[in-house]
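Both complexes below contain chain A, partnered by chain B and then by chain C.
Entry: the complex of A and B
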């Protein structure tokens, strides 16, 4: 089941991936000085490069995220009080303003990269198995696994509905017809979902289902997974040192 | 509709995670084994519906359907929306892990409110009154989402006043659109399978 080649990411135990992603996110979120975010930003970048992660897949995400940050910076910088760094006409940019925007950009990119590199490269059912074995309540994992399964089913269902709409010449515009069509589409999608839920619940009851799933995949923790955790510990230590060094 | 990573202050991220976890535990307690498919399918339907785009000038509006999910699930909207948002973060990098708690509170708290408002306003057998109640609830749910989002921005830093105001104004069309969509969708459900909607006389 688990594809384990030479690729450092693919050969990583899903549990180690979840721990690394969550740990790096925690480090990045807790950092209070721009410099201490840097380890949390560099780690996923280096790991991604060494694993030949297809970074072009993140192009749109990166543009969207940093475009938003640019907008936020433009609308925020003139309003942060404090000692002035530079004046542009009537607008003066302050040091606290620069630090606010800098932190936002560094943290945002670090957090999104950590999640993308360690988690988006993994099959989502593996995420469920990893969470279950890391002690997340089985009921929650069962819910997550069902959602992963049904997203596919409903996307197919929604695709069929959209195809049927297009076959009848529907083009979305900002008008009452579009709104009405989408509303009925949403209603129909939820109706089908709820009716499917009834059928599934009945079928599961017939089979004596208790609401939990048995884990069907075996995960193998290897020495290199422990090495990954050591890397995470090192990054955390680096962050703490940068944060509190004299 | 979500808050991006990196924007909110650390204490706020922690507090929102605590609130989301509390809502999640309470919602899961209220989920019996036979309810699981309903919660899971509503979560998946929410996930799919958020990709529906309505053109608005040069940009698009994305439906959110928080009101509808709230009406159908009540407190169980917390687990449903948290899972959907987690998967959006992992699969598409919308939002993220650190801000997941905040995004869950933004989406799920108004959804729970929508459930109680809908129960209060839907004591009628007239489909038109049901539609009006659902429309108001749907619009209010989005308003709640946006207000919590703006509050989170302002609590992080007063300097975020302009982005917070921008978020509010940008979502005004969505409030109207969501109102209409929720009204028509609930009216449709009421017409074909009213037993699937919450019973205002039954236990919450």
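Entry: the complex of A and C
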């Protein structure tokens, strides 16, 4: 990996990216010792830096995530029994509590960082193709691809409906009428989606669809992708060693 | 003389328990014809096209396409490989995340290899003036671009007959003119449902009017 070469992420096969992200997440999630989570945090960080990943884009997500962890820490810490570290009035913070919260923060950030670096940097259709090639059931991939395609349409439809409501004097307030209006909106959205789904199914039939999902693209696995997987294996082996070393 | 492309006899269709939208309708479209269909809203124009494509089942009557009676879903697979339908709303027609995937979908499902399907897709996109749009995200296109991509999804399957449902709705003048010039050059039987008189005048010789369940 060198920063002056071509962007190491963009030249990586989508399948290799999925494998790397999944591998790192899995080991990080299952790890018991804090030290073995660290590689899962460092690997995406190093890869991201070498690919000049715009980390500032992650800042807001990261802040919100860690804010959530702070909330969880506040609600967990007082309830973990064990030797006391410090006492704040009626609340005592224990060593096991601290290590539990520490693990939560480490693991959460490792997972988000791995997914952000390896997965969020590719166009979503490529993710679908990669999953299909990796043997994920065709129906699941087809569903995912439809979601990717139609989420914007749904959002637009929702936006148009909101506009139409506002044009007729709707102002959200904390009352029964507002709730009713929102329920109507959701119902209408469901109904429209169902009707659209029927029309889309008709369009698929018109183009010869008989129930199978066929991938359009041919992906090219290169030596560099194998190198990535080797790197991943080395990192995860290191994590496992840190976990179980005597 | 070759058999007419479309022949319907006594076609009757109603939604649920409502009044019949199509009432014992008879219609023949000869091969190579270019016909326009007009009619008030909700007069059954789209329904007629959907029945011909086998997307809905008629309550009564027969549909004879390319000289053969079409009844079962299997009968229509063969028809759909030769006959294209341009949907009124392009968001219904374009269901893949990227333009290339969408246009290649038809050829791929007709048995082409991924490479051949992509090649067919590129040619079809070039034909509608959208070369270079292959990797674009479908949902981010303008209405005019979506309509042209939808047309390309049909062209990629090399249809000999094209049914078009309100092709000019949502289109600005430039997109409309581009669509017009592509269709003018197309060597296919055309059935165009439209309110756009000028568009029909430019493309069709025969005109039908659908009202009260009958074509006139």
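Quick note on the criterion: the second predicted complex is superposed on the first by the 226 of 246 C-alpha atoms of A that agree within 3 Å, B and C clash if a C-alpha of one lies under 4 Å from a C-alpha of the other, contacts with A are read in each partner's own complex, and residues count from 1 in each chain.
Everything below uses one rule, namely that contacts are C-beta pairs under 8 Å (C-beta built on N, C-alpha and C of every residue); 3 or more make two chains touch, one makes a residue touch a chain.
Everything numeric in this text was worked out from a predicted model, so none of it was measured.
Of the two partner chains, neither chain B nor chain C is touched by A:230. Shared-chain residue A:124: touches chain B and chain C both. Of the two partners, chain B and chain C, it is B that touches more residues of chain A. In the superposition on chain A, A:217 makes contact with chain C only, not with chain B. Residue contacts after overlaying the shared chain place A:178 against chain B, while chain C stays out of touching range. Contacts of A:72 after superposition: chain B is touched, whereas chain C is not reached.
Once the two complexes are overlaid on the shared chain, A:28 sits against chain B while remaining clear of chain C.
Once the two complexes are overlaid on the shared chain, A:204 sits against chain B and chain C alike.
With the contact threshold set out at the top, residues 124, 146, 148-150, 153, 196, 200, 204-205, 209-210 of chain A are in contact with chain B in one structure and with chain C in the other. Chain contact summary for the complex, chain C toward chain A: residues 50, 53-55, 76-77, 80-81, 84-85, 87, 89, 91-98, 100-101, 104-106, 108-110, 114-115, 117-118, 135, 137-140, 153, 157.
In the complex of the two chains, the chain B residues touching chain A come out as 4-7, 10, 13, 24, 28, 31-45, 47-49, 52-57, 63, 65, 68, 72, 79-80, 83-84, 86-87, 89-93, 96-99, 157-163, 166, 177, 180-189, 192-193, 196.
Listing the residues of chain A that touch chain B in their complex gives 21-22, 25-26, 28-30, 32, 58, 61, 65, 68-69, 71-72, 75-76, 79-80, 97, 100, 103-112, 114-116, 119-120, 124, 127, 137, 139-140, 142-144, 146-151, 153-155, 158, 172-174, 178-180, 182-191, 193-198, 200-201, 204-205, 209-211. Chain contact summary for the complex, chain A toward chain C: residues 123-125, 128, 145-146, 148-150, 152-153, 196, 199-200, 202-210, 212, 214-218.
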